[in-house]
Amino acid sequence: IRIGIIGAGRIGKIHADNLLRLQQAEVVAVSDLFAGPELEEWAVARGIQSIMKDSGAIIANPDIDAVFICASTDTHVPLIKQAALAGKHIFCEKPISMDIRQTEEAVEAARQAGVMLQIGFNRRFDHNFKRIREHVQSGTIGEPHVIKITSRDPNPPHPDYIKVSGGIFMDMMIHDFDMARYVSGSEIEEVYAQGNVLINPVFAEYGDVDTAIVTLKFENGALGVIDNSRQAAYGYDQRMEVFGSKGNVAVANDHPNTAEISTAAGVYKDNPLHFFLERYNEAYIEETQLFIDCILNGKPVPVDGQDGLQAERTALAAKLSMRLKRPVKVSEVLQLAEQYSAFL
Amino acid sequence: IRIGIIGAGRIGKIHADNLLRLQQAEVVAVSDLFAGPELEEWAVARGIQSIMKDSGAIIANPDIDAVFICASTDTHVPLIKQAALAGKHIFCEKPISMDIRQTEEAVEAARQAGVMLQIGFNRRFDHNFKRIREHVQSGTIGEPHVIKITSRDPNPPHPDYIKVSGGIFMDMMIHDFDMARYVSGSEIEEVYAQGNVLINPVFAEYGDVDTAIVTLKFENGALGVIDNSRQAAYGYDQRMEVFGSKGNVAVANDHPNTAEISTAAGVYKDNPLHFFLERYNEAYIEETQLFIDCILNGKPVPVDGQDGLQAERTALAAKLSMRLKRPVKVSEVLQLAEQYSAFL
Amino acid sequence: IRIGIIGAGRIGKIHADNLLRLQQAEVVAVSDLFAGPELEEWAVARGIQSIMKDSGAIIANPDIDAVFICASTDTHVPLIKQAALAGKHIFCEKPISMDIRQTEEAVEAARQAGVMLQIGFNRRFDHNFKRIREHVQSGTIGEPHVIKITSRDPNPPHPDYIKVSGGIFMDMMIHDFDMARYVSGSEIEEVYAQGNVLINPVFAEYGDVDTAIVTLKFENGALGVIDNSRQAAYGYDQRMEVFGSKGNVAVANDHPNTAEISTAAGVYKDNPLHFFLERYNEAYIEETQLFIDCILNGKPVPVDGQDGLQAERTALAAKLSMRLKRPVKVSEVLQLAEQYSAFL
Amino acid sequence: IRIGIIGAGRIGKIHADNLLRLQQAEVVAVSDLFAGPELEEWAVARGIQSIMKDSGAIIANPDIDAVFICASTDTHVPLIKQAALAGKHIFCEKPISMDIRQTEEAVEAARQAGVMLQIGFNRRFDHNFKRIREHVQSGTIGEPHVIKITSRDPNPPHPDYIKVSGGIFMDMMIHDFDMARYVSGSEIEEVYAQGNVLINPVFAEYGDVDTAIVTLKFENGALGVIDNSRQAAYGYDQRMEVFGSKGNVAVANDHPNTAEISTAAGVYKDNPLHFFLERYNEAYIEETQLFIDCILNGKPVPVDGQDGLQAERTALAAKLSMRLKRPVKVSEVLQLAEQYSAFL
C-alpha cells in the first residue's frame, strides 16, 4: 500500500513513523503547508522521497493508494471529498469537522466512492480500554449499568489552538464520547453538560471551559459520566470503569515503571506516562496496522465515518446542553444547532 | 453521661455497644416498639437495666442526659422536639425527616432548648474520607475542581423498606451529599439527577430508582458527580476523589486483607469489606466518642442540625431534578416542593 | 474465667484491656515489680481491684483460673512451673526462655499439671497471615516451594533492652520462625544465618546484629528466607509470601488509609501502620479470646508449648549458624549449644 | 555500522529486528548452523542479503564492523577470540562461557584487540530496574542494607536444554547476580546457595535443581537474597527491592493492562507479561541502541567483559556452595573449581 501523508505536524509524523515499520506499507509522499528544510531532513532520514506544500499533488497521484489526513480540522471535509473522488482510502484524524452537516457530506462522499474511511479514535486500540470492552462483551460484568470516564490533560493547549479547537467537547471529550460508545456497546441517547473555567481565564475569552462533567443516558438504559480537565498537575489521567449487573471493570493509569519508594515521608511512585504520545504509543501503531490490513483484505475499518459522526453529534449535544442549561438528546442536535446557531 | 437509646434495631445496638466501651458514658435505658425477650437478653448481657416499649419514659427520666434516636425516620422529629424540651442532648440518625419544613422545626427546637443535636453521618469519621478532607484543607491538591463519589451497596434493601425509605436520594445518596460538602469545604448550589431501574422492578413500583448519577455545582465553582447503585455484585463500594489545581486525592475500598493470589487464572484478591457495619465500624465508634466528648466539654458537635438539613435539601433537589428533568438549585427546593407536592 | 496478669508493662496492659472486653473473662489481679500510683490509677479506671508487686499472691490465689505471664523473659520458666503446680492455665509471652532445656522443663511442667499453656505468637491471628495459611491449606497455590518473610521494625529497641533481648534471632526473628512453620505447614529442618551491624554499633557491643537474613530448609523440601531489620525509615514492614506449584500468595503491609495523592511530585500514600500495637491490634484481641474460649470449652490452645519450643530451637540454630558460619540443623542445636556454650 | 549476526535463534532474531529499526545500523549478514529456507524467508522479508551456515565468513568479511554472538554458549569463547582478532566489535549473549578461565581469556582477547565487548545482560535496561538503581545512586534510600531479587520463569526449558544449560545458577540466576551488582553498586563477596528439585525430576538427572535460594554478602556490608524457580504457574515473575538506611525501593511485575475486574468471586487482574520477550522488549531495544551508540562515539559499553566475568564467578560460587553445603567466597572459586572439578 502506497501512502500519502497530508499534514506533517506531530500526529502526521507519528503515523508516518508507524507506517514505516510495516512491511506492507510505504510512505511515498508528505505534504504540509509549512514544508521546509526541517521537514525535508525529517523525510530524507526516513527515505520518503516526495515532500510538498500542496496536498493536491498527493491526491492527484495515481500511484498513491491511501491518504492520512492530519492537517487542521477545517481542511478535513474538502480533503475527504477530493480523496474519495480520486478513489483513495482515507485515514482522517478526529474530528472530521465541527459542522455535523459537513461531516455527513464527507462520510457520504467516502461511502459513494466506495473507499475506506477510518477515523483516528486511537484510544480504541489502547490495551486497557480494549480489555474493558472485552470484559463487557464477554459478559463478565453482566449488563452495563454505569460507565465512568476520567480524562485529564497534563497541560492546556496554546491559546491560539484553544480559539480554533471547537471547544472542550469537540476537541477533547469527543474521544471520551467515542470511548463511551465503544466500551458500553450502546448508543448515547442524551447528555447533560456542566462546565466551568477554573484553570485559565483564556478559555472564557473563547467561550470555552477548561473543566467539564457530562452525564450520559444510553439507549440500553445505562447511565454514564465523563469528567474532563485541561490541566492535571500530575500528568495525563486516563481512567475508565464500567459497572454492571455482575461486577465492575476498572482501568487505572499506566506508569513508566512499577517502582514504589518508601521513606520516612511516605510511599511514592512516579507519575503516569506523560501525555498521549507516551500513553497511546502502541495504540497509534495498532490503528495504523489495522487500517492497512483492512485495505489489503477488504475488511471494514474498525472506526468508520458513522463513528466519527456519532461522536461529533454527542459533542455538539454537550455544547448545547451547557449553553441551554438542560439535558439534550443526541437526536435533536441538528434542529437545536440551527435554532441556536448564533449561540454556538 | 447517662444515655437512653430509642430504637434498638441494628444501628441502635451498634451505638449501645460502642457507648459501653466508653468510660464516661453509661447506657441506662433502651426503648423499642418491639421490645421482647430477645432484647431483654441482649440488654442483660450488657448490664443495661431498663428496657421498655415506650420511648416516653426515657425522655421523662430526669437521670438521663442524652438520647440516641435510632427509631424509624417518621418518629425523629417528634422525638427531637420532646427530647429538646426535656433538656436532653440528642444524637439522631439520618435523615432527620423527609420533610424539610419539619426538619427545620426539629433543628430549631434543639437550638432553642440549647441542647446538642448531632446527626449520624458516620462517614465523616471514616479514616479514608478524613484523609481526603485533610489533604483538601491543607492545600495539598490546591483549589478543588472536581469531586467524585461512588457509593454502591452489596444488596438492595427489603421491598418493605424501599417503600418507606424516601427514595434513593434521601435514603442512600444523602450520605454522599454530606460527604461532598465535607470533603469539598463548599456548599452545593445546584444538582442534576438521572436515575433508572436496572436491578429490580420493585423500585419502580414505589416511584424509586436503583441506579442514579447526580452532578453537582458547588458555590466555589467546583463541579461534582455522585453515582449510586443499590447492588454491586462484589460488595460494598465506597470510593471518592477530589481533583484540584495542584493534584488529586483518591481513596480506594478497604479490603479484609492484603493477600494477592496469583495462579494460572490470574491475580486476585478478596472483595471489599462487606457492608457498612464492617467498613464503618471504627467511624461509628468515633462519632459516638466525639458526641460524648462534646457534651462533657461543651464543644460544638462535629455534625449538627444544619448539616442534616443541608443534606436533606440536596436530596430533595435531586429528587425534583430527576422528576422535572432539569437542573435544580438547592435554594429553590422549598418552593418547588410545594409546587410539585403531588409529584413527590 | 478469672484472670491474673503478671507483669503490667505495655503488653500486659494490652492483654488486660482486651480481656476486659470479653464477657466471659474477668481481670481480678495484676502484679508488677514496679507497681505504683500510676498503675493503681490505671487499674482503678478499669475496675481491677487487686494490684501488687509480688506475683506470688496471684499464683497462690485459689480464685484465679488463669494467668497471663507478661513479665521479663527470665521470669517465665519459674512462673510457668509455679502456675502449673497451682493448677492455673497459662498464657505466656514469647519466648518462653532463652535456654531450650529450661523451656522444655516449663512445657513439660504444664503438660504434667494438665493445664493449658498458650504462647503469645500473636501474628498467627493476623488477618493477612491467616489468609496466606488458608490458601496454602486449601491447596490454592499447590505444594509450597518457597516461603519468604520480611519483617522490619520502625525503630531499634533501647540499648538496655538489646543487652537482655537474647539477640535478633531469639527476640525478633522468633516470630518469623513461628510464621514460617505456621504458613508452610512444615517443620524447619535447617537454617543458614547471616547478619551484620548496619544501623547502630551498639548492637555489636552486645554481640548482636541489627540486619539479618536467614535461609530455611523445610522437611517437606520447601526452601525459605527471612529478612529482618531493626530499623525501617518508613515504619513497620511486615510482608510474607508463599510460592507453590500452582501459584503464589503474597500479603502487603496494612496502611492507615487508602488515600493516594497525586501531585506534580508524584503519587504517594501514607506509610504502613506504625508498629505492632497498631498492626496487630485485632490479632491481640483474637489470641486472648481464643485462649479464654479454649479454657471454657476444653479445646487445645492454638499455639502451644511445642510451638514455643520449636521457634526457640530454630532461633538458636540461627544464632549458631551465624557464629559458626555454616548451615545448622534444628535437630543439632542442643548438642551444638553445649559444645559452643562459651560462644553464645 | 554494519552488523553480522552469528546464531539466528530466538534471541538472534530479536537483536536483528531491533537493529533494523536503528538508522545507524545495518544487518548485512546472518549465520546459523541450521540455516535453511525458513531463515532465508525471514531474512528476505527484512532485506538481509547474506545468509550462511558458517560464521567464519562473517568474521572474515572486512565490511562488517561488529558481530552479535547469539549461538550456543560453547561457541562464545572461540568466536570472541576470532572476532577480536578480526578487529570487530562484539556483542555477546550471556554467559560468555561456563569456564571462568576461558571467559578470562576471551575478555582479555577483546581487551588486547581494542574492540568493544558488550555482554547481553538485558535487564540492566529494564525501566523498573533502572529506576531502582537511580534511587540507590541518588541516595533516596540511603546506604543499601538488603537486596532482594525474585526471578521465576513461566515454564522450565526443554530437557535437552537443561542438559547443556550449565545449571540454574549459570543459566538463569546469572542475570540476578548481575542485577545484584548493578542495583547495589557493590561487589558480591560471598554466597550461600540452597536448591531443590520440586518441579520436575528431570533436573535431578542432570545434577541440576529447579528451585533455588542464594544469600549474598556484599563488600559494602549489605546482605542479599535471590530466589529462582523454573516454573511459576502465573507466568514470569520479576521483582526486586533494595532496602536501605533511609527507605526501600521495590518494583512489582509489569502487566499487559491495568484492568481490575470485581465480581462476586473477588477482584482480579491479568497475569504479568508472559515471558522475557514481552517483559524485556524495550530493554532489548535499548541495549542494542547503546551498543551501536558506544561504537559510534567511542564510549565504554554499559556492560563489559568484567561484568560478564564477575557474574560467572558468582554463579560458580553458588554452584560450589550448594554442592559443598557451605558459604563460598567469590574470590575462592577458581581454586575450589580446580579442587572439586570432578564434582561440578
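For reference, chains read A, B, C and D in written order, and residue numbers begin at 1 within each chain.
Heads up, the rule we're going with is that contacts are C-beta pairs under 8 Å (C-beta built on N, C-alpha and C of every residue); 3 or more make two chains touch, one makes a residue touch a chain.
The structure presented is a predicted model; accordingly, all values stated were derived computationally and were not measured.
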item: Interface residue overlap between copies chain A and chain B, same or different (over half shared); value: same
item: Pair sharing more residue contacts (C-beta pairs) when A-D is set against A-C; value: A-D
item: Whole-Å separation of chain centres (CA-atom averages), chain A against chain D; value: 41
item: Centroid spacing, where centroids are CA-atom means, of chain A and chain C in whole angstrom; value: 59
item: Touching two or more other chains - residue numbers and ranges from chain B; value: 232-234, 237, 246-248, 262-264, 270
item: Chain A contact footprint on chain C (complex, rising order); value: 232-234, 237, 255, 262-271
item: Complex contact set, residues of chain D against chain C; value: 142-143, 145-146, 148, 150, 152, 192, 194-196, 198-199, 211-213, 215, 217, 221-225, 227, 229, 231-234, 237, 243, 245-248, 325-327
item: Of all residues in chain D, those that touch chain A in their complex; value: 21, 23, 45, 127-128, 130-132, 135, 140-141, 246-254, 256-264, 270
